[in-house]
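Order as written gives the chain letters A, B, C, D and E; numbering starts at 1 within each chain.
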């Protein structure tokens, strides 16, 4: 059974967004922007859930998205706190300068 | 009585054990008494057996007993067992008799040596081993003795271990002997296994003898040749003779006892003991005779150019052993044993005499620094002279009878060959020459020693001269046990030994073998007949040759001492070769010693080092390098880690989704 | 479905808008600009959610992301004075070219793989009992709420613990000694 | 319940319990520790004597068997027992451990407690490995041997001890882990075949493995054991390990640990994989022969005493392997006997070298010469042990070597002849070594002041020499004990080979 | 109408409740008191809470129930991992008692977060529903992100926190994407229903579904530190407070494997053939790269990180096989692995000093001479890690490998054992430093090790466990077998 076009568009869109987010996360040299890219990836996931829920006439997807958003919020809080902590110590949040641990 | 024959070897062992346990606390003389007594007891025991034998009929002259089972493994069962028969009893008498005399002599000779007690320990041990060798009733016990005497020889050659040359010589003796033992061992294995495959699992001489006919010809040839390899090693024949001259590094009584009278004849004894096998292998006998005569000649030729009196005697021993092997090779076992016995007397005497000379000359060995000892050491001189006459084969002396018997057998026996006889006879002349060269050089002429040495020259003490005299007497009369029929004797020794060797009867018909045509060709000239006239003629010839030899020696070294110099000058090249013993030692050194060392160095470096360790360390290194590289992947940059996750995701997706689609 | 309906066109247009805004977000040098583009992208997505009958989520999206998270992000950006954009650390400069090329390649491959799956997408899943009509008749928010407080009560409660952990964590972390 | 006293368990556990006791002793009281270790090892030896005297030498089957459930679901059980093959090795172990404790008395000055604890644990592992009839149990003890030995080499060893210890460990481990896999494959194969899960080696031997599988499994077992033996070309760990180990470590390494490899072949690899054995016999025999000659040639080149003796072990163990793979009574018994001999004589050589080393702190041959003058008593013992090592008749070495060569000769004349060349080479390197160390003039001043053997050292070496002669002159005492077991073993192996329908082993097998 | 208020069954989640209450108590204690004694009380609360929870968990051993509308499950498998998590919690709390004192970490929050982390683990492993699994995972992860950065003022700790956070969030996105795709393909979030659906006739194996599985592999691979998703591990393990490293290396890994196992063995077991090949590759890569990279590590903590990667590889060997036998092996291995690592990290902690971890291998030189007991304990842990009998590490390997052999994964087993030889090298390297080397003369003064009886308890328990499980593994294996029987 082929889905509606809108669903397909949403799946494609989610794939594109996920990729943009993933690539952005490895290319941008600002930890905050990296984090934003990760948020974008989460949104791509949300899109899949919503679209699938819509197609399958199930609300579980929406519920899951709710939890994802909760988690995203928590991650944002903790993550930004961590960035601030790092910045205080190192005065930079360029991921290429945060390399004390390696090898 | 048969049950007590183990006592014969036991006495020296007891002496050895007693002295090793308590020797440290006993005085020197007590130690030497114990040692001599032990040997004497053995001698008495052997003599008792001998006497018993004389009473018994020929067939009954065998005492055999097993002491206890030694090694038992499956069908392989060997006992520590002893066998006394005509052959071994003669050997026992020679070993203990001459051994006793040399023990006594050593008491004087070694008196001031710090290793006095140790010396007697070794000597007793040696006699024990030698007796084990000659009384063992199976090949393995014989082999024990065989190796045991080798060990004692090693220990005694290296007695003065602080001298590098001595310990080198000991080691050389042992190793060269081991080469021979290699053959001996393989021979034992082959014999055991081949007989075993016919259903007879034994190493006992008597049983091997009984079942020898089960073996087929080529196999026997191989087995006997292998045994002969052992004999070549122990009895210092070509090509394994090189250790014996070096063995003169040992104390002189040792040279006398081990390297002249007893141990070196073990090879001869072994062939005699296994005569029933050799009889079946004419090809081997031919090889034995050939090696024997070549060795005899070759060693004698080296003896020409040596100046060290003990070295000369050593080469002479090699040469005389060659004679014994000629006897073995032509099937004249009794003659060989006879010569073995007389040789023990006179060669023992010669060495003891040489020892006496050394004693007088403060340890000097080089003939060029001697001369004119005749007056100062008369007993030594006269006994030495008797021995020289005996070895030269002057009629009436013991060597004459035994050597002539061999020569005659070489000529006449069915396995005898003219060429062998000719070369042997020539060698006999050479022997006379170099022995008298030695005699003249040492005892005649003017003394060439330094003043200090000259001042000290004196006759040896009684304890040394008495054995000399006894041995001289034996050298004189020892031959009369084997006076040949042609001279009106009864050849008593041959008769006595007959139960062991058969009636001296040669093997019936010569089977055709690979060597067959050669032997027939060689034999065609010999063995014309048994006429006594021919025997007499040949005897006269050999005496003549000996006399010529003596005369030449007289000419060269007494009459005209300048002659040898001129002679060597004109044959400088040849002389250099002879003087340096044909560079055989150097050849061996280069080929074997350095060959093995070079191979070892090569293997150590290439096989162990490069290949095996290389492979292992290579793996380890590769892992380490890989680890270093992998470690550098871990850059510490968080985005590269994320990158790895993405790559991983791509791979996983590709593997799970994309690839299965195609 | 015969031709592209209005709804489909709207979807395609919105999708294009999301892609453009998110690309802008990723490519802007200034992180503040990125953040703003991100708000734009998330708002457009909220519209898509609306179209997909997820009204509650759409509203939540705007509130949580555009409201809370974005403010937080902007606040932090200000706090750490990062408005000047990417700095060029020496290590980064060395690596930037390789990383860019690799990034491009990765983009292509990942996208290809994901689209491969998405384009072959077929509805094979088990249909739930909640058709759009049923949900709409009960009210979307109400349905979600019923699920959250009913069936999903347990994770919902855990989510509260999660928030607590987040708060505690953020406090602990950012506390100055 | 009239259960017999569990001798084997007691033997296995006593040293372990002893090591725990030792651990509790105060560190400072070194004498107490040493004495306790000595008492324990002597007690262990006494405890092992009933094995010898109450051993039924006519019985073919395992004796002193104990079986306890351990993990019935997996078929792992605590199953121990000995036969004539392992019994003597157990005794050798208990004897040599006493010797080792004695010879470490003065030589070990640091971490004394740990040293003896390691030794006792090692003893447990060795005896356990020799008695185990359950393959998992065996493997556990087998691996357990590694650790104390690793520590013995690494802590109390020479200058390159770390390298040697690690090399020893890794070499042995490479082989043994593959063996573990092979054990498992066999286990599951048997289970699939019969539905019975067991690690009992005798039960597993009844599995009918296809030939190809046998080859693989045998290869894994053989690799493990060949490294331990060590056979050429897996020997390179041995010189390093021996050289760096403390004297007692070398003694126990040469004396017992190497035998574990051969024992493994005998107990496991051969009965389990008869078809593979037939196929591998030529290869192993050739490797053994190469080992004999190669080891001997390597000895000639060595400048370090312990290295030399280590390479001589390669040579000697080559004989053992050759004998065992001759598959006849003489070869097998010779191999077994030679294992004991090697333990005694090579152990003795290491002891002598250790005694010299304690005095001079060097093992370089070039640093010696003329020691006979200052150490006559040592010279006597050294000479006897050397001669035993070159298999002079009358010493123990001869009996073993002769039987091995005879056995090899019976199975294949070429093998016999080639192996016999080792007799010559053996004399060459040993005597040359002896000469360079003991004979000649004293060239170095330091050697002039060396003291001769102390009473303790004399006692140690006298024990060794006693066995040299006892085993050389009256081998029946020991051979008898292994007679029935060896004959039964051969019969069993040959029946297995025949059952596999495999061609008979090369050469005239004959009856045992 | 649609509201299905679940039966509020508190009995089955009593352990979780206890942990939550303890965590909050600790939090409050931390909030209202700053004196040292308060911190200790918080620790005590955590200990008592974990202990009680453990007792209740074990009492639920035979209970089997799906509660809260099937979103939460009480079964033997979950109980096994919950008990394990609680044991880890107890041990980590014990070793933290002194450690947080030394490193001056805010105690109330520390214990609270640790307990929350444990709570997350417990939820994660007891869930048969993706929502609950995800939430549990996040509770655990967020707590750990924070705990990693709790060495205040220590840039390494902060960096570890940052890296773990970024990558964790990144990987979570993958995991979620996987869940979403599986949801899209099946319409289900309950893994038991998914399993039923897969075996029903209506299911079609679409690429979307497989991408979903792939993304789940990525997500769980990250949490279990499988190659190539492992790269965070060494950095984070090195930078984090050592007690937290121990927690991560044992608790998180166990919980992640628990969830991984439950999801894959419950939902996707019928498709084993489709994904086991991938895991084969990952297992091999994980073992090999983990072990080989560990060869050159000079920092013991970092070495242990790589070793934990390698051990994940060993566990994956059994994972590939996918039968009862192998699952038993996985559980047993994880159990064993927990004790070896806790023990090893405890020793690492003991040797550290305030602000200086002293984890370089050179600091271990001559340890046997200075502190023989510590050295012996460390040796036991390392040898067990290396898989030497009679220690439990050997038994663990034994079962994992025999599972592979039984299923005829011969090459996997061979690679596994060869890897264990490589591993032996670097474990022994530490032993070597402890016993064979003497401390360098110019090394900084060793000082007294930071010892407290609590460490002793942890070490003693671990050593005992390793010997016990090595010599008498039967009981534990039977428990493991009971636990995994639910899958088969």
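FYI, contacts are C-beta pairs under 8 Å (C-beta built on N, C-alpha and C of every residue); 3 or more make two chains touch, one makes a residue touch a chain.
Predicted model, so just to flag it, every value in this text is computed and none were measured.
In summary, the chains found to touch both subunit A and subunit C are B, E. Taking the mean of C-alpha positions as each chain's centre, the chain lying farthest from the centre of subunit B is C.
The chain occupying the central position, as judged from C-alpha centroids, is D. Comparing the chain pairs A-B and B-E, the larger number of C-beta pairs in contact belongs to B-E. The most distant chain from subunit D is C, comparing centres defined as mean Cα coordinates.
Remark: subunit C and subunit D have CA centroids separated by 70 Å (rounded to whole angstrom). A straight line joining the Cα centres of subunit A and subunit D is 65 Å long.
The distance from the centre of subunit C to the centre of subunit E, each centre being the mean of the chain's C-alpha atoms, comes to 31 Å. Note: centroid distance subunit D to subunit E, computed from Cα atoms, is 43 Å. Multi-chain contact residues of subunit A (touching two or more other chains): 11, 14, 18, 21-23, 25-27, 34-35, 51-52, 55-56, 58, 60, 63, 67, 71, 74-75, 78, 82-83, 85, 95-96, 98-103.
Multi-chain contact residues of subunit E (touching two or more other chains) are listed as 131, 135, 138, 142, 145-146, 149, 153, 161-163, 166, 170, 181, 183-184, 187-188, 207-208, 210-211, 234-235. In subunit D, no residue reaches two or more other chains under the touch definition. Inter-chain contacts, as defined above, occur between A-B, A-C, A-E, B-C, B-D, B-E, C-E, D-E. Interface residues of subunit A, counted against subunit C in their complex, comprise 1-24, 26-30, 32-33, 35-37, 39-40, 43, 46-47, 50-60, 62-63, 65-67, 69-78, 80-85, 87-88, 92-94, 96-97, 99.
Interface residues of subunit A, counted against subunit B in their complex, comprise 22-23, 25-27, 34, 95-96, 98-103. The part of subunit A that touches subunit E in the complex is made up of residues 11, 14, 18, 21-22, 25, 31, 34-35, 38, 41-42, 44-45, 48-49, 51-52, 55-56, 58, 60-61, 63-64, 67-68, 71, 74-75, 78-79, 82-83, 85-86, 89-90, 95, 98, 100-103. On the side of subunit D, the complex with subunit B involves touching residues 233, 235-236, 294, 297-298, 300-301, 328-330, 333-334, 370, 372-373, 387, 392-394, 398-399, 402-403, 405-406, 409-410, 413, 416-417, 420-421, 423-425, 427-428, 431-432, 435, 438-441, 473-476, 479-480, 483, 487, 508, 510-512.
Residue ranges of subunit C in contact with subunit B, taken from their complex: 91, 95, 99, 102-103, 106, 109-110, 113-114, 116-117.
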